[in-house]
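Have a look at the structure below, then the notes.
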Amino acid sequence: MTLTLTLDYASALIFALTGALAASRAQLDIVGFIFFAALTAVGGGTLRDLLLDRDPVFWIADPSPLGIAAAAAVLVFFTAHLLESRLKWLVWLDAAALAVAVAAGVDVARDLGASTPVILVMGVATGTVGGLTRDVIANEVPLVLKQGELYVTAAFGGAAASLLGLRLFDVDPIWATVICVAVTFGLRAGSLLFGWQLPVYRSRPPRA
Amino acid sequence: MTLTLTLDYASALIFALTGALAASRAQLDIVGFIFFAALTAVGGGTLRDLLLDRDPVFWIADPSPLGIAAAAAVLVFFTAHLLESRLKWLVWLDAAALAVAVAAGVDVARDLGASTPVILVMGVATGTVGGLTRDVIANEVPLVLKQGELYVTAAFGGAAASLLGLRLFDVDPIWATVICVAVTFGLRAGSLLFGWQLPVYRSRPPRA
Amino acid sequence: MTLTLTLDYASALIFALTGALAASRAQLDIVGFIFFAALTAVGGGTLRDLLLDRDPVFWIADPSPLGIAAAAAVLVFFTAHLLESRLKWLVWLDAAALAVAVAAGVDVARDLGASTPVILVMGVATGTVGGLTRDVIANEVPLVLKQGELYVTAAFGGAAASLLGLRLFDVDPIWATVICVAVTFGLRAGSLLFGWQLPVYRSRPPRA
């Protein structure tokens, strides 16, 4: 199995778990779980493939990610009540999925010979769009809007670090992927655990 | 006129009526009615065509669905005040549009020789995305989020039933379409009228 | 530089400013500003290019709009506190960006030989989708939903006026663009300043 496929499968699986957890918070039925799991699982990669005119879209070429998403949804439907805090699981799984999906976006765009800014955008878009769609449809506050948390920054940092490694230090592509996943997840985890953040914009009146 | 075109036209018309009703609930002007009517009318089929790389997208090849949507919007603008409950009409017309659009999605994907899981996804996506976009933009609770109602399930059931008919019982494609529309609408109507539902997920604390 | 490119760059710049202002209202960090600026800057043109199967999408062919958006985001991050009312700036810059983006949509669709209804839709879609995505994700009320304001109407009017000029009076394409920008902005500005509006739909009970 190629690296790209592995990353697409892994991010589909983890994102599917977060989609199913969002469905559990909305108290949907099992088909609702599968719907949100599949949507979150393939959302980011689908946009990436449409933008890069990759034909066919990855899950049309090989629908396994849909099967993975459905299995993840069923698993969550029957076990989520065992979790202490579903929101905490959602956020941490989302961090892992974000990290893997950013790497998948960077990897595909690099393979297609895209320019550096486009590779960075594809990393960030592939990482964030699945979760964003999940949150907008499920009526949750999108994670990109959480003040004082690194989210887009983590995705951008991971993508940038892996490109830096490739271009400046000539690391192996597989290591570039490891760097991307590690930096993205590290920044996000640091933000969640230790409150790492960038200064946020503050005006005098908070919402003028 | 081919079967696919008929289905695309019919779902455009009925979805346009629901979009215009949503616009009436938001008290927009006539152009706002046309905007929501057109968006709802072609949203699902547009995503289907982009995903399947059908070129050109159906309403670019033949813009009649836009004209149908505009006409439906004007009709609703001048007659909606005669309706007892616009919300009820919206929900029932949406059920009809869902049924027809699922069939349109299944039909196109089947024609292009897509695999079974992809056909099912195209049916569900074509059926649900127009109404979903309408609800997200118009700030209504998306119908896919309504607890204890069959919606995605109805779409999935209709698509699956028609494939079952085709693959196992070798029915004529036109009958497969009839089955798809009937099962989708039947499940949705049963849910609205008799409260048919699948068990929903319930945790101890409702939203942890 | 071609006319299309100039329009795409200009609308990217102005829409980026509105995206950054929306980010300031959500009190995000600088990367959040860049995210919203880029999303708003290229959203409408990206949908246009996907729908018209223009390959590659404009900012993938030439990523300058991304750089423009990032620069605009940084500028707003450090200067927005100087503005009297960020909401007022957002709305007026959005009017300017709308006008330019509608012209960009009309121009591209015309170049590709699209039919009249498709040109009108591309104008409206290119003009409105960037701001719409910004508002949906940033949890603001979409400007298309503001009652008694011309928004989609302004976009539609500008696109229609420029086509009228081209088809009936055979004006030069560059003048058609000027007409499109002027009519769109004029209608929107008249609506904001003088309360120009079309009659809105009113039912007996406001939200039945």
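Labels for the chains are A, B and C, by order of writing; each one numbers its residues from 1.
Here, a residue touches a chain if its C-beta (ideal position, glycine included) is under 8 Å from a C-beta of that chain, and two chains touch if they have at least 3 such contacts.
Just so you know, these numbers come straight off a predicted model, no measurement behind them.
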| item | value |
| --- | --- |
| Chain-level touch network, classified as line, ring, star, complete or other | complete |
| Cα superposition of subunit B on its sequence copy subunit C - rotation in ° rounded to nearest 5 | 120 |
| Distance from subunit B to subunit A - Cα centre to Cα centre, in angstrom | 28 |
| Two or more partner chains touched - positions in subunit A | 50, 136 |
| Subunit B - residues contacting subunit C, complex | 23-35, 38, 46, 50, 55-57, 59-60, 63, 66-67, 77, 80-81, 85-87, 136-139 |
| Parts of subunit A lying in touch with subunit C, wherever the complex brings them together | 50-53, 114-115, 117-118, 121, 124, 132, 136, 141-142, 144-145, 147-148, 150, 152-153, 156, 197-204, 206-208 |
